[in-house]
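A quick write-up on the structure given underneath.
Should a chain be cited, it is by its letter among A, B and C, assigned in written order, with residues numbered from 1 in that chain.
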Amino acid sequence: MPRDKKLIYLINTGLVLILFALLTVFEASGVFTRYSMSIVRLVCINVILATSLNVTVGNLGQITLGHAGFMSIGAYTAALFAKTEVITGQGGYYIGMILAGICAGIFGIAIGIPVLRLKGDYLAIVTLAFGEIIRVLIEYFDFTGGAQGINGIPRMQNFSVMFFVAVICVTLMYSVMTSRHGRAILAIREDEIAAQSSGINITYYKTFAFTLSAFFAGVAGAMYAHNIGTIGASFFNYNKSFDILVMVVLGGMGSFTGAVISATVLTVVPETLRQFNEYRMIVYSLLLIMVMLFRPEGLLGRKEFHITKVVDKLRNKFGKQSIEGGN
Amino acid sequence: MTNQVLSCKNVGINFGGLQAVQDFNLTIDDGELIGLIGPNGAGKTTVFNLITGVYTPTEGEILLSGINIIGKMPHQIVRYGIARTFQNIRLFDHLSVLDNLKVAANKDMRYSIFSGMFRLGGYWREESEVTDKAIEILDIFDMGKHAYKYANSLSYGEQRKLEIARAMATDPKLLLLDEPAAGMNPTETDELMDTIMLIRNEFGITTLLIEHDMRLVLGICERLMVLNYGQILAEGNPRDIVNDPLVIEAYLGKGE
Amino acid sequence: MNFLLQLLNGLQIGSIYALIALGYTMVYGIALLINFAHGEVIMIGAYTAVFTIQLFLANTNLPYILAVIPTVIICTLIGMLIERLAYKPLRNSPRISNLITAIGVSLFLQNLMMKLFGAQSRSVPSILNAEPLNFFGAKISFTTLVTIVVTTILTILLQLFIKKTKYGKAMTATSEDYGAAALVGISVDKTLTMTFAIGSALAGVASILWVSSYPQAGPMMGSMLGIKAFTAAVVGGIGLIPGAVLGGLVLGIVEALTKAFISSKLSDAIVFGLLILVLLIKPSGLLGEDRKEKV
């Protein structure tokens, strides 16, 4: 591992730990109430949802409107697995989460292979259709609890666990996207024909991106199910998919840091507006329109916010060499 | 026959009744530098699209070093050793210049998704190898200084060069250049001619290029093919071709 | 006989889908925008109908069907307003920003109406109450008949408008190429506003027809209705007037038959399944033409 990379990793790890320490202190000291902590947990889930959708929408450049469908598959997989009580406790939680990801991923492959031939709005509407079909089928079958959904899922509301699961998920997705596989996906977003002519297997990488995205949506669904304890299919309708899409677009498509920030903001802001409950959604939707009118490329555009860039600037100020290596 | 890189035999394509290319025959020997010229709409780019698998011919066969490549997907054909550029530049605009080349090197990289995800040894080894190789290619094109810029921030001439560099990064046997000098000023064209000669002389890469700029064509091509209405009109030594009355007629119309 | 009845049911709901789909398809054809707020225009139309009847027509001897006039006017104005305020400033922005804005407008209208008139649905007084007609021994409700007839007439008028009038031709030209249309002196802005106006006026008619057979007006009613109508437009071939009508009718019939003979719970899944099937077999919809990207 090159030395400058090591430094970047160290800095980022440090920042994550500091954030975690801060939140833990806030929780212990009572600055954050139980209610605040429940929002923080929701942030963890939404961060995974937003970054995972960012893989298809931002990095692959394909608009999908069915993300909630994958989330629901994850949630139901984890809930049903927990109900079997084969493995209980923390171990069961993690295994359920992985199973949830795998199941959602399998659906991702099965749906992705046929639909990814379509482009643009056609893909958007077909993924919306798939999301709705998944929802209707979950409500139709008995083993999923039908329209009543599933109750009494073992609760798992440990903040530390959820925080680090979110960190790990985001890190893994980010690592893939900065590897050769991620580069291929970005190339497809930029120009499919050029990517193909550079030896990129478009079908393979499109399906891969879609599947990866579905996998982590499934993981987030599992977290959601264990966090809330009760799930029903109607929660995972297209409006939920829209919510997630909004997070990605507002953050700046293709930017992981943007997705993380906007998932956080868009989870916290509506909750703080709860005192003005009646106007909450009106304000939210107006904000959405305003942001699109005045900053259509989203908060960060395609850029990533790197703490290392800040360090870089500081270093340059003191006359030292850039750590990114420059040219 | 062993050093024959590409051979097209009676290749044709029909778009719903329109015969865009017909009876196209072409053999290219190893190391040749050939020009494909013809009036607009003659089917030159279609020939490229047929060779690179964007379109599948309705007739004939295309052999690359003796292997039939008809029916192969474009990305597979790159693996067999054909790389191309496009008439209207197609770069990965929002990737760095270096990453544009690294995308092209993807086909020769082996590390797995998990290796990338968990940053295992293979990732570091191959990434640094490919980066070095890409920088080497960029240096040949005198573009090393732009490695970390976005591709769309380059000047027009540099973007054209980057497209050729990216094609080179796929490690091709045969390079297809579609109007590489389009939109270039004379100085840039001169530079481009040097680059193309360099590619051929230093790396021995066989090149087929489409071009309207006769100065470039006559300056570097060893053999010319003229295409008109999807059919070969003339073929041979550049000097003879430009004096061929048939060719002149195709370009300028028949003198009354 | 039941089958025939269900078929007519399907034709009725399909006609409404078709009217709404026309709005989607026209806007999409010209602005390349999925106008997610189109469903909300219908919802506002339904509220307009309710209030016109309750506050005005109920106190007079006038027939309730006159509610169609204010409904169409309000819908048209709302459609134009949405275009002006939300979409026009974004004309040169990336497609995704337009899509998100459309979602934003849709959410805004839903929540605004919920705030103003509450989350519960309001019941709509019966609008077209005439005796059912006898049709080969089957009883067809008057509403069904009116719905089918009105849709047929409006579609024909729209088609004539687009093919024969100057404004219609301007719309076709604009949908082909903004720049070229502007070059020959067509005002792209006016054409777009007109497209939204016509689409929304049709939505107004659709909302009256909808509440005639499903007499409820609620803030969320437009959402799924809109998505299904858009689905219909895509099934038929987006951007095409005949496509929207065909798609709407196909969707309506499939939905009615599924509800009657397979399962009412599964009907949405089958409708969306139909969309997927059509697009996988013919990616540009039933009547659409395939276009390949030029290399």
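Note that a residue touches a chain if its C-beta (ideal position, glycine included) is under 8 Å from a C-beta of that chain, and two chains touch if they have at least 3 such contacts.
Note that the structure is predicted; figures quoted are calculated from it, not measured.
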Closest chain to the centre of mass proxy, which here is the mean CA position: A
Distance-maximising chain from chain C - centres being C-alpha averages: B
Length of the line joining the C-alpha centres of chain B and chain C, rounded to whole Å: 49
Where chain A and chain C are represented by their mean Cα positions, the distance between them in whole Å: 34
Separation of mean Cα positions, chain B and chain A [Å, integer]: 40
Contacts with two or more other chains, residues of chain B listed in rising order: 54, 86
Shared interface positions of chain A, touching two or more other chains: 193
Of all residues in chain C, the ones touching two or more other chains: 295
Residue ranges of chain A touching chain B (in the complex, touch as defined): 1-2, 172, 175-176, 179-184, 186-187, 190-191, 193-202, 208, 254, 302, 326-327
Residues of chain A that touch chain C when the two form their complex: 57, 63, 114-115, 117-118, 120-122, 124-126, 128-130, 132-133, 136-137, 139-140, 193, 238-239, 242, 245-246, 249-250, 253, 278-279, 281-282, 284-286, 288-289, 292-293, 296-297
Residues of chain B that touch chain A when the two form their complex: 52, 54, 73-75, 78-79, 83-84, 86, 90-95, 99, 102-104, 106-107, 109, 111, 113, 115-119, 123-124, 126-128, 130, 144-145, 147-148, 166-167, 169-170
Complex contact set, residues of chain C against chain A: 28, 32, 34, 86, 89-90, 93-101, 103-105, 107-108, 110-112, 114-115, 223, 227, 230-231, 234, 238, 263, 265-266, 268-269, 272-273, 275-276, 279-280, 283, 293, 295
